[in-house]
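The following blocks contain the structures, represented as structure tokens.
Below are two complexes that have chain A in common, paired first with chain B and then with chain C.
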Partner chain A sequence: MENKKNILDRFKALPVNRYLDLIVLVFLLVFPLFCSNYWVYVMSGIIAYMIFALSLDLLWGYTGLMSMGHSVLFGAGGYMVGISCAYISKAGWVDFDRLPWFLLPLSSEIGAFLMALVLPALISLMIGFFMFSGKIKGVFFSLITLALSGVAELFVINQSKYTHGNSGISVISRTVISNSKEARLDDFTFYYVVLAFLILAYIICLMIVNSRIGKVLQAVRENEERLTFFGYKPSAFKLLIYTISGMIAGLAGVLYVRTQGNINSSAVGITLATLVLVWVAIGGRGNLTGAMVGTLVLQIAETKLNSVFSGISADFTQYWKMVLGFLILLIVFTIPKGIVGTIIDVQQKHKDRRQKEKILLREETAYHEESGKHIA
Partner chain B sequence: MKAVKRITAMLVVAALLVAGFTGCGKKEAASDTIKLGLVFSLTGGTAISEECMYNSAVLAINQINEKGGINGKKIEYVVKDYATDADTAVKVVKELIMEDEVTAIVGLYTSSSRVAVEPVLEEYEIPLVYPTFYEGETPNKYVVYTGAVPNQQGDLFVPYLMDNVSKNFYLIGTDTTYAAGINEQANALVNELGGNVVGNELVSSDTTEFSDIIAKIKNTCGDDGCVIYANLNGESGTAFYTQFAAAGLSDKYTIASFIMDESFSTALGAAAVGTYASVNYFNSIDSEANKTFLAAYGKEFGEDKAAAVTAVGEASYDSVYLLSQALEKCGDDITTENILSNFDNLTFDAPQGTITVDPETHHIYSKARIGLVQEDGTIATVFESDDVIKPIPVSK
Partner chain C sequence: MRNQENILLEVKHLSVEFNGFQALTDVNMKIHDGELHVIIGPNGAGKTTFMDLVTGKSTPTTGIVLFEGVNITGKSTTEITRKYHIGRKFQGPNVFDNMTVKENIEIAMEGYSSMTKCVFFHKSAAFKDKVSEILGLIDLYDYRQFMASDLSHGQRQWLEIGMVVAQNPKLIILDEPTAGMTADETYKTGEMIKRLKGEHTLIVVEHDMDFVRQVAEYVTVLNYGQVLAEGTMEEIQNNDEVIAVYLKED
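So, the complex of A and B:
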């Protein structure tokens, strides 16, 4: 009985955003039951983006490393699948018989999937190693990663022998590993596969941030120097989280590419890198929920606005982006902490006030008792 | 605290539900019309080029509807904006197919969006008419291409320049499949015809600083005169033309480019005057068909816009007409299979002259034209091939 109450208490003590997580989960679970195939497909893509946003939140929200080139890791994962698919299915533009040695795992389907997780991790490990051991931080970290995504976009376009340059690569859609048309799942089933990956990624992220490592990461964000004095090595922790974040971004890349059925240079570029920052910022960073809610809200809004505006009148279509931009500005100006960040803030304020009232009340009674004694 | 939790939770649920579920049901389609999808970038980097494509397509649809439609059925069209983004292109094309249930799609400009959309067309078996000149590829079964491919632009361009300008060529291109392919083709052709390639350079697509290349041109070309064969993308192209003119080289050397068209020449102003262009359509073509087309366009969208109609705009106009002919031949039996096979050998008296669809590749036979940019930004045709040229989308 007491045990039961304990669990209930612990459940009640959870921050409000964990309830939001649950609501988002339920929403995503029932969504396909009410919507057309097209929306199920759109939502699969959005879920892949949510995984991507989660990976950035680990890095930016929890560790304070604002990566402006996170798309590089997303795209690296996607391109592994893309190149592998083109090579195995002998796409028309492929004029190489053999892959270079470092891409050899791509000749098998499972190898490609693993490479899509390993390569982004390796990239972030390498870049992270140089940056963190070189004590690069703050805005310089952001600038270097920004440059990185610009460079990566050009690199991909210029390596057209393997990446098909500007045109991008077509991939068999709606499978996870296989590259054959027969293995294609329908929109409905594939949606739940992607959702399962989101839940997995979410649980991993939650475990990390609630572990002791997670606490150290937040300490890195708050005050790196003090942490050093305590005998910690911040660079090691930063490197670890950057690598994990890279791997999750790579996974998101694979799922997105499998939803869309193609990959092109914009997947590694600055535009996507900026977009994901906006999603996380709008949702609220440093609580996982914000990243997911932000992505969900903005992506749905984007799709809806485009479709609604072109439905009204063709001349009207071009204004959908303006409305979206206005919406984003409005949110940033009115609630700079993001949607979820503000909700948590409100809850915290409420809690504080209660606490204060409680303390005041206790003090008051104590004072009365004291003064009572004096009188006596 | 509980109350706050409950209220916020309810608010968020409500917001998500409203956002997620409103209007995600299917849209109703009327049966006495034929529904076409138009996909163009009305926003994004290539919106300037695609505005006239969109207008031309709408113009053609309106004209067909005024004449009574296709076999008595009016054309209904749905417009989608793909914002110069291949991922968005996939999304909106899927929306056109799955939600709006269109019969066929006209549009797209960038190669990446075309490549991205092809698997979708294959899966749902919907035809696309693609109205842009492009680098050429193994033809896709579901795509009909109404723009020129490199062999229809370059094969006569290089010999013309050698005869009329100079035998020395300096090749510059953006390092993309398209431009690199064109320059390679030019390189081979110049050597074959006994000319000189004095320089061959590929630059990355974001290059906007050309002082070193301009210095190189000065040094290598000397006083002999030279053709600067420059196939540079958007921003990069603008920068090159401007810096080239500013360096005072326009009098000695002549730029020739595939990428030059009316929208580009008007934007550049004086820097573009006296340079050569090669496409299958120029705004200035002196024919009845072209005059009627431009007059109708001007009436609908304004005279100043009519002056900015480019080859891709004209090709979009042709695309809709060719598609309507193919649909008309289907009668009541409108299936993708029928539409596609009806495109074989289809001809149309387009503003650029009579064009024919090649049954093997579903590209069009068209004339090659070479133009010289005039003081007022228009491009005058200085050469026109006698006959239409067979499209060869893939060179072996």
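So, the complex of A and C:
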């Protein structure tokens, strides 16, 4: 009995957004039961994007590092799977017999999957090392990552020997690791595999942000210099989270590529890097929920509107993109903390105000009792 | 009590120049172990600059800073904090705004700032007790779940004092801890600081003379980046030069 109450209390103490997480989870769990195969496929891609958004939220929302080129890490993961798949299945355009030494793991399926996690982590470790030891901060960090994304796009197109340039690479879809056609799952099953990865990524992120490391990261975001006066080395913490974030982005890239069945240079490009920023900004930074909700809502809206408007006329797609862009700007200006961020904010302010009233009331009664005693 | 043996912090011939502007000129000062040393002086006298030099935020043009006899001039703030245990409260509350009061204290707690300590951190009962004790000391226990940004100005000052106490430094440096406080709050802060004496050595910069009289043992007066006078509160109050440049406004 005692125990039961305790658990109930702990549930009540959870911030509102954890309930939202639960709603999102239930929604995603039942979604395929009510939808066409096409939407199950679309949603698998969106879930992969949600993982991507989570990785950015760790970096931007929690640590305050606004990466404007996060797609580099997403695409790096995706391309590992792509190159491996092309090499193993000997795609028509492949005219190399052996992989360069640093891509050797790609000759095995498992190796490719691991490389898809390790390479993005290494890339962010390297970028992070140069930036953070060079004391590059704030808008400069953003601009450099943005430039890197542009460079990565060109790099991928230029290295057509391995990446098949502009045409991109076809990949066996609806598997996680295997490259054989027989191993392909149906849309329905694959959807739940991707969802399982989202849940895993979410739990990892939640554990990180609730740990002491997570609190230090938030302190970096709030006031990095102040932290050094408490004996911390902020750059070490930034490097750690950048690396973890890179790995999660790489995982998202793999899942997305495996959903789509192909990858091209846009996976590392500026457009995707900007999109993920928008999802996180609209949903709300620094609470994990916002990143997921933002991606979900905006991507569903985009897909829906796309089909509605392209049904009317091809030109219309241009217009609704403008409308959507305008709506996004409106949200950013009216609620800078994003949808979920604003909800949490209002709740916290409300809680603080109520607690303050309680404290003042208690102090007042204590004061009256005190003066009552004196009179008596 | 003030003798040669128990000097905790000593600065020798400290000068610093910012693009041609001489902010400090040949400052010599000794802070003794266990004392509460107040620094006063008009705006722009170089009080904050002095603290910047001691805590490694900036480096002196000439001169050295000795802490327990070790030359710490030019060392990083992280090292000075972690290895030499100097804690500092900034002028105007400088806390982590979008985090709760409790989280602010927890971040500051002594001994958990290295990466490994953070990774293997486990919130022990002793840790929680210590946090609660500090929340009690700064009278913010009931406010522990508040966002730091939702506190009043005075409470934010206390929060930062609490954070510095949580670091458990040998030397605590407080830059204008009562700025912007009501008379009641200022008095309460004075009592708080007096309670810290004995366990820590303190340097306090303050303008509020009532407050200085409440807490001070030993006072240094800075003016135009130079030491104008130093001595006990009584000596300072009767020093003609100090009265002329500083105390006359009262």
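Quick note on the criterion: the second predicted complex is superposed on the first by the 362 of 376 C-alpha atoms of A that agree within 3 Å, B and C clash if a C-alpha of one lies under 4 Å from a C-alpha of the other, contacts with A are read in each partner's own complex, and residues count from 1 in each chain.
As a working rule, a residue touches a chain if its C-beta (ideal position, glycine included) is under 8 Å from a C-beta of that chain, and two chains touch if they have at least 3 such contacts.
Everything numeric here is computed off the predicted structure, so don't read it as measured data.
Superposition of the two complexes onto chain A shows chain B and chain C fitting side by side, with no clash.
Once chain A of one complex is fitted onto chain A of the other, the partner contacts of A:K351 extend to both chain B and chain C.
In the superposed model, A:N37 makes contact with chain B only, not with chain C. By the document's definition of touching, of the two partners only chain B reaches A:N166; chain C does not. Once the two complexes are overlaid on the shared chain, A:V24 sits against chain B while remaining clear of chain C. In the superposed model, A:L240 lies in contact with chain C only, and not with chain B. When the two complexes are overlaid on their common chain A, residue A:K135 makes contact with neither chain B nor chain C. In the superposed model, B is the one of chain B and chain C that contacts more residues of chain A.
In the superposition on chain A, A:G261 contacts chain B only, with no contact to chain C.
After superposing the two complexes on their shared chain, the closest approach between C-alpha atoms of chain B and chain C is 15 Å. Once both structures are placed on chain A, chain A residues 351 are touched by chain B and, in the other complex, by chain C. Looking at the complex, you find that chain C touches chain A at residues 55, 76-78, 81-82, 87-88, 90, 94-99, 103, 106-108, 112-115, 118-119, 121, 142-143, 145-147, 150, 163, 167.
Residues of chain A touching chain B in their complex: 16, 19-20, 23-24, 27, 31, 34-39, 41-42, 45, 92-93, 154, 157-158, 160, 164-173, 260-262, 264-267, 271, 293, 296-297, 300-301, 303-304, 306-311, 314, 317-318, 320-321, 343, 346-347, 350-351, 354. Listed in rising order, the residues of chain B touching chain A in the complex are 1, 4-5, 8-9, 12-13, 15-17, 19-26, 38, 42-43, 47, 54, 58, 78-81, 83, 85-88, 90-92, 94-95, 98-99, 110-112, 114-116, 118-120, 123, 137-138, 175-178, 180, 204-206. Only residues 211-213, 215-216, 218-219, 221-223, 226-233, 236-237, 240, 286, 348-349, 351-352, 355-356, 359 of chain A touch chain C when the two sit together in their complex.
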